[in-house]
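Same chain, two partners: subunit A is paired with subunit B first, then with subunit C.
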Partner chain A sequence: MNSETGHAAAVPAAVPRAADRVAASLKRRYAAERRFRACGLAAVCFAVFCLGVLLFTVFRTAIPAFTQTMIELEVTLYPQEIDPAGTRTADAISTADYQKLIRDALDDLFPDISDRRQRRELMALLSPGATYTLRDTVMADPGLIGRRITVRVPFADDVDQFAKGRFDAAADAASRPLSDKQIEWFQRLEQRGLVHHDFNTTLFTAGDSRSPELAGIWGALVGTFWTMLVTMAISFPLAIGAAVYLEEFAPKNRWTALIEVNINNLAAVPSIVFGLLGLAVFLNVFGLPRSAPLVGGLVLALMTLPIIIIASRAALKAVPPSIREAALGVGASKVQTVFHHVVPLAMPGMLTGAILGMAHALGETAPLLMIGMVAFIVDIPGSPLSAATVMPVQIYLWSDSPERAFVERSAAAIVILLGFLVVMNLVAVVLRRRFERKW
Partner chain B sequence: MHILILIATLLILTAAGFWLGRSRAVATAAAGRRRLHSLPSYYGWYVVVWCGLPSLLLLLAWLALEPSVLQLITIDSLPPESRDLPAAQLGLLFNDIRNFAAGGGTSADPVVQAAADRYNALRWTSYLMLFGLMAALALAGLLWARRQISPRLRARNRVEHVITALLIVSSVVAVLTTIGIVLSLIFEASRFFLRVPLTDFLFGLAWSPQIALRADQVGASGAFGAVPLFVGTLVIAFIAMCVAMPVGLLSAIYLAEYAHPKFRMAIKPLLEILAGIPTVVYGFFAALTVAPFFRNAGSEAGFDVSSESALAAGVVMGIMIIPFVSSLSDDVITAVPQSMREGSYGLGATQSETIRRVIIPAALPGIIGGFLLAVSRAIGETMIVVMAAGLAANLTVNPFQAVTTVTVQIATLLVGDQEFDSPKTLAAFALGLVLFCVTLGLNVIALRIVTKYREQYE
Partner chain C sequence: MKMLQEDDAPDAPMERVTTSANGKVKFLTDNVSVFYGAKQALKDIQLNIYANQVTALIGPSGCGKSTYLRCLNRMNDTIPGCRVAGTILLDGEDIYSGEMDPVHLRARVGMVFQKPNPFPKSIFENVAYGPRIHGLAKDRQELEMIVENSLQKAGLWKEVQDRLAQPGTGLSGGQQQRLCIARAIAVQPEVILMDEPCSALDPIATARIEELIDELRQNYTIVIVTHSMQQAARVSQRTGFFHLGSLVETGATGQIFTNPVEQRTQDYITGRFG
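So, the complex of A and B:
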């Protein structure tokens, strides 16, 4: 203190008073304060901006996939073509050459085209699915045979893309998938009012397909349903059992500590490693079928197990000890206390954890690639043992394909998947709000 | 769907057992004029345990073992010339047999046809045997348990013991999973290391796992030097952390220290949405939006940016990790005691000075722990890199070039049908083992740091 004042007295002009020094630096310090604060705000804004760009991109890409360009064709169902024998059996009707009928109908619209190659090009405007649409129409009502009917059949995906303005008629002919002729024919059809932009129901009702205009997510949705069913049936009871044991019964010893450390570490194991486990154990050791939702569900169940256990333990911890003591005090056994009082009170929290775990499993892709759920599967899976794929894998497969139309459908599938996730999370939030109790 | 019939039968039997046990307990108590030791329903449950549990265990064991036993018997009954085929072809043949057996069609190959018929017959026999055994076991258990019932039987204690045992079993599943992961990885990886020396794998500089079909083809042996993969993984993880760490940390600080509670309430759920988006969606975003954007921006600026650049995958991965870093940092920042802040304010520090000089140093261990957890996330992330990063193993640290990662290679080596003893597929398990060890190590260290840090302020 003394030396300080002595020093100050020696050179009074060089060292100003502390208050003056602070006042002089305040401006700089406040500027730094503002800069720091702006940095923080910028970081938050950047994160939100990324979210916005991501969602915007996905939605903008997805929107065209929800409509499909269709052509209105008048087809004459000549009985001699469909069923020359006149038996009208389902077998005979289903094997008829509907492609020829469609071609005839198309030729009627363009009587001026006679060149074989051009006629083939004309036919390429339509989706290969047009034949199946017509067949299904006739199969559903064989009485139509011999009549002239109007059907709406899908255009091929290139035409669909052109109709949605994905590429320009003025662009270099070599760089676009449609020839000048095809574009001209399409525009003539448009002028005659035969082109319609319908809601794409195929997207929601069909399985996968090689042609984008015939591909749908129904197969993947059903596969997801089976997989989630297996996951839920296995992970939820096991997780609750484990959480109840660790929180209520386990003695505080080395073994319990080992299990706890184990669960915490398991929660952080990369998901692809669970895929390796599924491949090595469930497929190779137990010989379960490849690509089956059963195996996918098992793998995802093991993966979500730690998530649900951790959430359930938190829920059990939140139940106050007084509840347990009261139950024990009136003569309940330990098991009765836990299952009659503690678990019911912790159930909303456990359910919330389970829903969040399921939401996590719903979006998981990598482990399912390992166990063969990436196969190209057209059929709708009928059981947990039939080959299937799931929504995220379908998104991966479609976004990988070169056709722009598949990329759009992939985005549409993302929108639907995100819709499911939003619903699940909302349910979790509502559960938490509704049943959360402050003790 | 035969299994549903089994389970339904079992359910009916156990339901009957419950009712029989309960009524018998009540009846014996009334006849002997004694009070029951436990509530009547516990006697019912006691019978249920004896009736259902052994059959259920039998069912599980049967389902686990049936496919391999059937395969053995079927292969054994094949004619000798097919039985002596090499293992891989025999596997294919058996797959054929199983497909025909399931499809019910007729096969061109009489051997396959006969074997498929035999396979179906065996399955039917196996099902009948299982059904008979389960029913016998359930009935025996039911009758035995029912005979045991007397007012003195301590039914509640016994049932509670079974419940506790079931709880222990379910908590052991997590341990079994870890053991399963470790054993399967080590087993398959050791088969790989028998063919490719460990040192070549860990220190080799060339990675081209394609095994040539002909012996005289160029590069016929395949090269399994994993260094390019490790470097690629680290480059992408580094880029991801460069994005996630500053943004995550700063936004956590802003939300915890500066933001108005209302703003915080609005922004936090948005960040959580970012955390809830499936990784395949990020992969879609990276491959279709970010990568072309960087490539175009690069060509405008005169750089040659690959369309599968590490930059795009890394940045998108960083965005994915932002909420992870921010929520972990938020936890540790709010855990710093209020008194430290007040002390700093009392000395005249501004808010940002308090944060930089007091709160961050105090929270540093927690932040480092969070950082390590985020790195382990980035290393283990698969879908973003599968969709946006390359396949070719370039040994480079240039973020504008395409690199490949450990997870990408695991996924590409194992997708599709493959025979199970080529070094190519086994290499995936070796990579998986490395990945598992590294992420596990990072996690153990991070969790230790975080718990140490928590103890400091509690």
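So, the complex of A and C:
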């Protein structure tokens, strides 16, 4: 009691009570909090703004690629032109001169043009794909031969660009790809209502092509599918197996520590190094085919392996030890404990890791360049062994092309790739939500 | 110490003593020391656990009660760096010998943990898991019988009989602990080890579990770790007092609580330290 009063007396009255000091400091603390919040908000706003600008430019560039300017032509399918012998075999029909039919149909629309050079210029308005479209139509229904049909065939990419207002008719003739005459003809066609702006199905159904209006992403999508299939089939089981072994069964000694360090290092290796490895090992040593999704998938599997292993080990670590003890306590063996209880509980985390790894692989270009997946490939790949390219490489190839029409197509391909990435990440989030359990 | 020796420590430890004045010896612990790395957690424990009795282990926190309990079903094997020296016999069989399979041992010696730890599966699956992996049921019907019996013995059947498909983690703390007891019983062990089974429970749930322990004693041998003197006095026939890694005193519960031999035991149970 004595000491207490003595203590109180020793404190000068001028010193404010603790509560007052707290009150005085509160203002400063709140100000710091407000400053911090403002900084955070500014950072988020800036990030959202940048993202918005990026997406806006990509989308604005991409949108024209989803439509294609088409011409409506009345073509007479003279039997003597297509199949003079009258055999109607697929062989005979496919080798007919459809270009002549198209040319005739176009000339019919412009009876005033007689000059050969001008007629060639007129023909240049149409895409070389026009003949293929006509041929495919006739091949699909040989009964059309002898009739007069209406087909819609694509304009050449320069005309398409003009129709989309990419360059001005008033501009200097030398600086634009179309001549004054061609522009005039196109405008006459427009007046007659023969020009249509159709949804660009070619973009989704065709492989690559030198002509932008005939180029599509289907080849690259199928190539991506095969590559991802190989990547998934190899990296997922391998990574899960490695993670389960390292986390649950491996003795904790110097060797496993070394392996752990190296797995973490591997996750940080630049992806091009994996491409070099693929080139040196898979192509040169094992002699696997160049440009094949199998090799691409193997390389990307090596690249995603450490990512999935790390995510899976984190997921396994997060399973509470009480669950393991419970299982061991009723007499489950180590393997039963792991596979009946621990792995199922860690599965959502493992799947999330796998999907994020796959999303990473989906956007990868550099290592695939090393193993020749950068080639110009028109055919749709039929198996993991046929030559193929993948979406990001296709984007890279197109963005490198001189034709303006390829610019909007690469933007469209970016939009589609982004769509896939968003879907994959959504699946990862849904999986996590779905299977998240409380214990 | 004199009395302790008369009562418990076998005169010739390696003679595989199976009975004594107190009944059939289920677990015989001779000279057991446990090390976590270099740190010694238990020193020369001599303790007998008798069949169809409840043995309570008391002592201040950190004295090694859980460590001792985990020796009895070799749960310590799962802790890296943990080493057990000495002999523990279950029905005369050395459980740390090469012939003893720890998985088999754990099927014979069940455990209920301090914190209820049901599997994040349905109530039915929680109880059915053990019998299933051990192949105790021929068919689904028999499995359902085992589950029902176990839940009934654990006093949980009435509360959960119409929601067996719901997750076990959705039950209350006390119900979860009884579910864990049912899970342990379902394997039909000979011994049940309970590490502070009531530490997270309210007095009503505690009373139910104590009742349950008393019933289970008919068929099982029970070892229970508890911090509650009253609980030890209520449920156990024998009590062991641990302090700083040593077994200070052991004997009939009545004798330990009314007339302990050691001063330290006296101090602990009267609440003078600990």
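Operating definition for what follows: the second predicted complex is superposed on the first by the 392 of 439 C-alpha atoms of A that agree within 3 Å, B and C clash if a C-alpha of one lies under 4 Å from a C-alpha of the other, contacts with A are read in each partner's own complex, and residues count from 1 in each chain.
In the analysis below, contacts are C-beta pairs under 8 Å (C-beta built on N, C-alpha and C of every residue); 3 or more make two chains touch, one makes a residue touch a chain.
The shown structure was predicted, so the numbers you read here are calculated from the model rather than taken from an experiment.
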Quiz item: Aligned on subunit A, subunit B and subunit C: do they clash or fit?
Solution: fit
Self-check item: Which superposed partner A:333 touches (first subunit B, second subunit C, both, neither)
Solution: both
Quiz item: Given the touch rule stated above, what does A:341 touch, subunit B (first), subunit C (second), both, or neither?
Solution: second
Practice problem: Pick one for A:78: touches subunit B only (first), subunit C only (second), both, or neither. | Solution: neither
Quiz item: Who does A:252 touch here: subunit B (first), subunit C (second), both, or neither?
Solution: second
Quiz prompt | subunit B versus subunit C as contact partner of A:132, first or second or both or neither | solution = neither
Quiz item: What is the contact status of A:39 with respect to subunit B (first) and subunit C (second): first, second, both, or neither?
Solution: first
Self-check item: First (subunit B), second (subunit C), both or neither touched by A:272
Solution: first
Quiz item: By residue count, is subunit A touched more by subunit B or by subunit C?
Solution: B
Quiz item: Can A:59 be said to touch subunit B (first), subunit C (second), both, or neither?
Solution: neither
Quiz item: subunit B to subunit C: minimum CA distance in the overlay, Å?
Solution: 8
Quiz item: So which bits of subunit A does subunit B touch that subunit C touches too?
Solution: 333
Self-check item: Residues of subunit A that touch subunit B when the two form their complex
Solution: 22, 29-30, 32-33, 36-37, 39-44, 46-48, 50-51, 53-54, 57-58, 61, 237-242, 244-246, 249-250, 258-259, 262-266, 268-277, 279-281, 284, 286-288, 302, 305-306, 309, 333-335, 339, 359, 362-366, 369-370, 372, 374, 383, 392-393, 395-396, 399-400, 407, 410-411, 414, 417-418, 421, 425
Exercise. Quick one: which bits of subunit C touch subunit A in the complex? Just the residue numbers, please.
Key: 73, 75, 78, 80, 103-104, 106-107, 110-111, 113, 115, 117-120, 129-130, 133-134, 169, 180, 183-184, 186-187
Quiz prompt | In the complex, subunit B residues that touch subunit A | solution = 1, 64, 67-68, 71, 156, 160, 163-164, 166-175, 177-178, 180-181, 184-185, 187-188, 246-251, 253-255, 257-259, 267, 270-271, 273-274, 276-285, 287-289, 319, 322-323, 326, 348, 350-353, 355-356, 373, 376-377, 379-383, 386-387, 407, 410-411, 414-417, 420, 428-429, 432, 435-436, 439-440, 443-444, 447
Quiz item: In their shared complex, at which residues does subunit A touch subunit C?
Solution: 252, 320, 322-333, 336, 340-341, 345, 437-439
